[in-house]
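Data block below; observations after.
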């Protein structure tokens, strides 16, 4: 089985995840500037999630590109990744509506940990299937560093959220910046 | 007519079904841990449905892969399957919000019965069209056992839900486990 | 420009239209059988719309299949069709929630008129572009009869809705049955 | 990396954006003609947004068609465009529910400015990558005029909204008409 339908399904799910989040930008009850400004945290929360999910899409894209043959563990690990990503709209709304309350930021961080771990697991399964190709193995090993760094930062953000919310948000945003670094901006994560 | 657009449309519908269920994870009114924990049944209900729909996607994928030529009955049986699958978000929310009340679990089981029967019907139509190829016929016959078992367990879960909810949920989850059995984990259902 | 992306976009939009309608099946406030039965009209309304949109998808599929080259009027007529189809979830919810009140049935019929006319217009534009091919011209002419019949029945359903709702619903359902007639069940509309 | 998956993802996101807007057409509480007519501004707002997003889809389509090779800046500029387009459902609902209040029209115009600028940026990145091909360069230069005109009209609509709402709406609608002009109706923007 080829990668076509796996890509199509993942693209579909990720496209829906990234778009339905806008439904949580609820229209304010009155048309005053104050009511609109009150949406600010929800909007920022949406923007951050849009960016994070888009980065997953780009990296997913590059990673699947290296696969010739889809086997069962890849399918299930991919579904596992999509499951955790699908929780993003919920934690985005949760963090936005409660204006970055410590618990909501911690939960947001926790979902990022799970998503990044799932992405790492999917890469692990793909790398194992390509064990014969030294070039691919080196590529996957290099990419693993980035995922491990991201997981550590996300993990750290959970306890930090209860102490200093802005620092926790910084820790959650940092990996996104890391993926834009000049050397290989769209390299598989 | 080839299978491309049938696959694309089915992927689209299944991707939307699996993703919009997260909209039923409503953000709690306050940011307390208690309010968050109160979402537990809804979350579990979402997780179960995500898994079941994903299994349908994998099996649908494998089954359509065996088709060379789409004819009208396949199209309509496929639409029939998508219809019953599309009820999953509703029964998921129903079971989650009413915290697995007997009626809600029975209804969830009933929708599973209908989905599995529709899947069986689609396979039946596809198998009949491939009647000339003994290898495909054997493959479809083998796969039919799994579907029939699943239908029986789902059917049983309906009356059981009114006696013992946990047992009913076990009966609904069992077929999912069955599809992960080591021998042929992603074999067409 | 080929038909690939036109098909992909149309499939996407139709898949979303057909699936988001289930969001209007609102979970009842209590888990009693009475509350569930109260959803009956909404469910029937959903079922009817699912069937009608599915028929559009099948026919759209067959019609686009005959196109080699997409030109601007086809693109815009296709977008026009998608616009009217996209109103289906609204009128479905309207008819379901107001339990087939005359005005809601008439509005449902009116949206069907617009959708069928848009489909006819799209076919007209496609047929004109294929004017050189006598076989295609015959095929399109044959198919036009079905669309014209459907438009007439839908048009009739609007005034009839204010006199006899069941008759109006029958008029709306009739064209769907027509497309299942044995001779050429999935023939382009 | 080819353009296939970029197109598929963009199609998915645009298809969802264009379709979920209909969820903001809320079913009125009673089935009276008055309650239905009260939806008129929301409906017009939906119609305008459907048209604008559809025009983006057509132009996006044509523009990506000219790309042979996707590189990182294109990916990110494309994601940036999708982000601003994804705000359309929000401003559509905002303008519809507050019946074209000045602030809501200005915000609608502002989102159009951002979307058009993002589209221009994406074209800029694509044009730079095709700098070697004089024919493509001419094509992109020609198309840039349309985008710049659109941005100016959208920009103007923001202050005008606080003075004369109908004029602001006219300024927002004008670029849509411009894209239908007879000479090259589906030419890249």
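Each chain carries a letter (A, B, C and D) given by its place in the written order, and its residues are counted from 1.
Following the convention adopted for this analysis, a residue touches a chain if its C-beta (ideal position, glycine included) is under 8 Å from a C-beta of that chain, and two chains touch if they have at least 3 such contacts.
Keep in mind the model is a prediction, meaning the values are calculated, not measured.
**Q** Since chain A and chain D are copies of the same chain sequence, what is the angle of the rotation superposing the Cα atoms of one on the other, rounded to the nearest 5°?
**A** To bring chain A onto chain D, one rotates by 90 degrees.
**Q** At the place where copies chain C and chain D touch, is the share of residue numbers found on both sides over half (same) or under half (different)?
**A** different
**Q** With chain centres taken as the means of their Cα atoms, state the distance from chain B to chain C in Å.
**A** Their C-alpha centroids are separated by 26 Å.
**Q** Could you work out how far the Cα centre of chain B sits from that of chain D, in whole Å?
**A** Roughly 37 Å separates the two chain centres.
**Q** Give the residues of chain B that touch two or more other chains, as numbers and ranges in rising order.
**A** 8, 12, 15-16, 20, 23
**Q** Using the touch definition from the top, list the residues of chain D that touch chain A in their complex.
**A** So the residues of chain D touching chain A come out as 1, 5, 8-9, 12-13, 15-17, 20, 23-24, 71-72, 75-76, 79, 82-83, 86-87, 89-90, 93-94, 97-98, 101, 103-104, 107.
**Q** Can you tell me which positions in chain C touch chain B when the two form their complex?
**A** 7-8, 11-12, 14-16, 18-20, 22-23, 25, 27-28, 30-33, 36, 47, 50, 54, 57-58, 61-62, 65, 180, 185-186
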